[in-house]
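Quick one: this structure, given as structure tokens, is what I'll be asking you about.
Per-chain residue numbering starts at 1, and chain names A, B and C are given in the order in which the chains are listed.
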Amino acid sequence: MTDRRRINGPVGATIPLVFEDVEDYEQVATKAARSRAPNAVRKMYLKTGVTPSASGSAYLEIETSGKGGVSGLKLSCTVYGPRSLPRSSPFSPHIILSTHVKYAPFATKQRRGYLRDPAERDLGSHLEAALRGAIIADRWPKSGVDIIVSIIEGDQDRETSKTQGDEAWDIMNALSGCITVASAALADAGIDCVDTVAGGVAALVRDTADSSPSIVVDPIPSEHEKILASCCVAYLPTRNEVTNLWYKGDLPASDMELYTKLVEKGIQASTNANRVLLECLGETVN
Amino acid sequence: MPLDTSAYSLALLRVDGRRWNELRRMHAQIRTQAAADGSSYLEMGHTKVMCVVTGPSEPGPRRSAVGASGGTGVGGGSGEAAQAEVAVSIVIAGFSSVDRKRTARGDKRILEMQSTISNALAGSLHTHLYPHSAINISLHVLSQDGSLLAALINAATLACVDAGIPMTDYVAACTAGSTSTYAAGDEAADPLLDLNQQEEQELPGLTVATLGESDRVAVLVCESRVQVSRLEGMLAVAVDGCKQVREILDRVVRDKGRRMVQEGTIEKGVGVNDMEID
Amino acid sequence: MASTQHALLSPAELAYLHAALSLTPPIRPDGRSPAQFRPLVAETGILPGTNGSARICFADGTEAIVGVKAEVERTRGGYEGEIVEGGGAEEVVTDVNDEEKKGESDWVEMTVEIPGLRDDDATTAFLGAMISEALLADGGFSRRLWINRRFHWKLYLDILLISPPLSYPLPLLSLTTHLALLATRLPRLKSEGDEDPFFDDDWAAARYLYPRNKKDGKTTARPPVTLLVMAVGNNIIFDPAKEELAVADVALAVSIGEDATTAATATGDDASLMMDVDSTTAAAAITSARNLRLLSIRTIDPPSRLTPSGVPNATNTAYGAATTQKQPEARTAEAEAVEGVWRAPRGGAKPLVMAALVHKVLEKGGIADEVLDALHAVDLG
């Protein structure tokens, strides 16, 4: 579908040229290796109530591990509602969630259009599944809530080349961020939940072609030679329950151990994010 | 020019070896799907379509919204609830034509076909027996080789018969064309029956649907330029073709009915007894 | 996502279903055993105008058709829009080893059509993403589409659901896609190296996308299959119907692939290699040591969360409960479960339950093995 209502950029995009200093050359040429411990997550900044006009909102930033202080992922979430459903819609005994996830046109190296593409819709349905488990939906019959997440910056380092890293894996990080930020915004909007839900990512990576694969938490795809499998978990810590699980990759089925460990690490990452989430909500209360 | 008119004038055979008044091989099945109220599969040469009918049923609240957004052709008095609404939706599969082409659902050509079929069937179905309800006809085009609209109408008719919706008679459709283009200005051009894709692109043609054995025309679509003098001949050939098509459809329905009685799927009731099984 | 298609069941029916499915062994509405699939009718190669096609009809009447079309496309280079041009004559290498054949995920385009749903509906996007994700998971699939360094096949997969969506259509669509891909043939390449591709007109000489054993016509490698698994109480149920899904505690879609021991030769460029493989040993290798791969798992949002909850008699005013009920009391009443009264599940699933579901699919002689065995038995014609 073409977007005729807006002025669109040229179809064929070009990447801005990055000129490198001679001394930087080596640094750029060699792949940035992971600087964190395998089970350390990146630093995260979360704040609720950033959009006054919305019933609830939150903003999330995750730093890039390459350089300190430069953020990798920037997400903003607004929640509108609960509000009554339009007259024409049928009766619903529960609150109806509608989730929209949209990358800003400039969020990734490849420009995104204004209309949501299938990948963004898919993210939206993942987010919906993750949140629906957390919300106590029958407290608001006949009502709906809109959850809108905009990905302002998509965790892609400008200095890595286009072929480095794979967008298919970046999307997992984006989803885990979306879940955390949406959960914070829901809490800010005062919508009853069974627990705060947060997202976490773990991946099975291989750093060099002949090394044995290892599991890391919160991976950055460009830092690793190859990602074998990755999983994103939405986890409710106090109930010890998973509301959404998304695994992607290629693992031998005979090795269930590996898969179980991967999910465990994902849960661990999610628990870490949840701690930040709780602290942030605590600050708002005080 | 793919249609070699000189060859036609010599041997009176068309590109696919048919004579002017021959239909392509027509094959149809009804009750192809267990879940639907009515279903059919129809082949006219290489044009293959499937039809699934649901209803008459209570119209969902979304239905009207879909109709309003232009997704569905609605006919047969959609406004007044005294009659059932006939909603048609056509999906043309991306792999149906030689080159893969994705047709959006809101395509104008599809919308027009939807409303044509909807209106044609609403005229034959006893929609007044089902007030406040909807009959949903969903058509899938699996392969295209000319006479698409005619194939869709025939498939929809069969599926409606299978669904057991009372109707006055079959709506049987067929196409007709003329052996030379408008520009050739050939007054002696012969009419042709049942155009395939190649002929449809080259030559003027029209689609006609008639109501049962009568000569009453239910649909007449002519989208090409043709001399008025040739029109009458084309129309006559098409109406004649529709009668042949009706025979074929009728046979499909009767065969299926007979088989169902034999298999014991249905009781041989009064209605079936009355039906002369030839 | 699943909200658009919830079954119209009353709280009493839901409670009954849930209770029946929680028994050991569970009693399913259609009398199947927990791991039993619905019977189905499948055929391949139904549309001569496509490169590969398949149709599957489930016993409950849901039906899907998948058509595959392939087109030759230029491979784009590292930079946007720049075409990788073949270099001088000395650079033309006829023998490219497998490692160099690298596919990209946008060589496959998938569309899902479900009647009554818009193209941009979340369900359609979700289904499409799930099927293509499994297909592209290991990068092995797009490698099959490689022609030479400058050209590749672009594969269009059109998935049509013919019947109205009576049950969650994922297993049906996935199986149909699987069969269509198995039946897919691409014209035989006549040109060599990096020159403009030129193909054999003879369709009989066309090669299968998934090469087959000449002797028994069985393939060695297979496209992935996505299975739907759900848990109710302590039971794990496969291939749930719509009513069963309506009371699911958790539902997972698990995609598995098969990595046969002979797959390495199958991906090789030369089909004649296939003739050398002794069919009996190959078949034996497949049944004895099937290398299952776990490709993708997704949680399906179970529609049970959107079902209406029942009202216990104690709080039902029609049964003499006090009419003046205070809000806090209502809250506490909401919290406690009453035997036989349906309550929509809240929260997620325990990680252990999820692991058990996945384990049940993948274990030796488990469901995945069974399904793949059944698919092996399908005569591809």
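We take it that a residue touches a chain if its C-beta (ideal position, glycine included) is under 8 Å from a C-beta of that chain, and two chains touch if they have at least 3 such contacts.
Chains and their UniProt names: A, B = 3' exoribonuclease family, domain 1-domain-containing protein; C = Ribosomal RNA-processing protein 42.
If you're wondering where the values come from, they're calculated on a predicted model, not measured in any experiment.
Engineer: Would you identify the chain whose C-alpha centroid lies closest to the centroid of all protein C-alpha atoms displayed?
Structural biologist: That would be chain C.
Engineer: Most contacts: which chain pair?
Structural biologist: Per-pair contact counts point to A-C as the maximum.
Engineer: Taking each chain's centre as the mean of its CA atoms, how far is subunit A from subunit B in angstrom?
Structural biologist: Chain centroid spacing, subunit A to subunit B, equals 50 Å.
Engineer: Any idea how many Å lie between the Cα centroids of subunit A and subunit C?
Structural biologist: Here subunit A and subunit C have centroids separated by 25 Å.
Engineer: Once you find the CA centre of subunit B and the CA centre of subunit C, what distance in Å lies between them?
Structural biologist: 35
Engineer: Could you check subunit A for residues that touch two or more other chains and list them?
Structural biologist: 1
Engineer: Please output the residue numbers of subunit B that touch at least 2 other chains, ranges allowed.
Structural biologist: 104
Engineer: Name the residues of subunit C that each touch 2 or more other chains.
Structural biologist: If we look for residues of subunit C contacting two or more partner chains, we find none.
Engineer: Mind pulling up the subunit C residues that touch subunit B in the complex?
Structural biologist: Where subunit C meets subunit B, its residues are 47, 49-50, 53, 57, 59-63, 65, 67-69, 71, 111, 113, 115-116, 118-119, 156, 158, 160, 162-164, 166.
Engineer: For subunit A, which residues count as touching subunit C in their complex?
Structural biologist: 1, 12-15, 92-94, 96, 116, 118-119, 121-122, 124-126, 128-129, 132-134, 136-139, 162-163, 168, 194-195, 229, 231, 234-236, 239-254, 256, 259-260, 263-264, 267
Engineer: Along subunit B, where are the residues that touch subunit C in the complex?
Structural biologist: Residue list for subunit B touching subunit C: 33-36, 46, 48, 50, 52, 54, 66, 71, 89, 91, 93-98, 100, 102, 104-105, 138, 140, 142-143.
Engineer: For subunit C, which residues count as touching subunit A in their complex?
Structural biologist: Residues 1, 3, 78-81, 105, 120, 122-123, 125-126, 128-129, 133, 136-138, 252, 256-257, 259, 291-301, 305-309, 334, 344, 346-351, 354-355, 358-359, 362, 364, 368.
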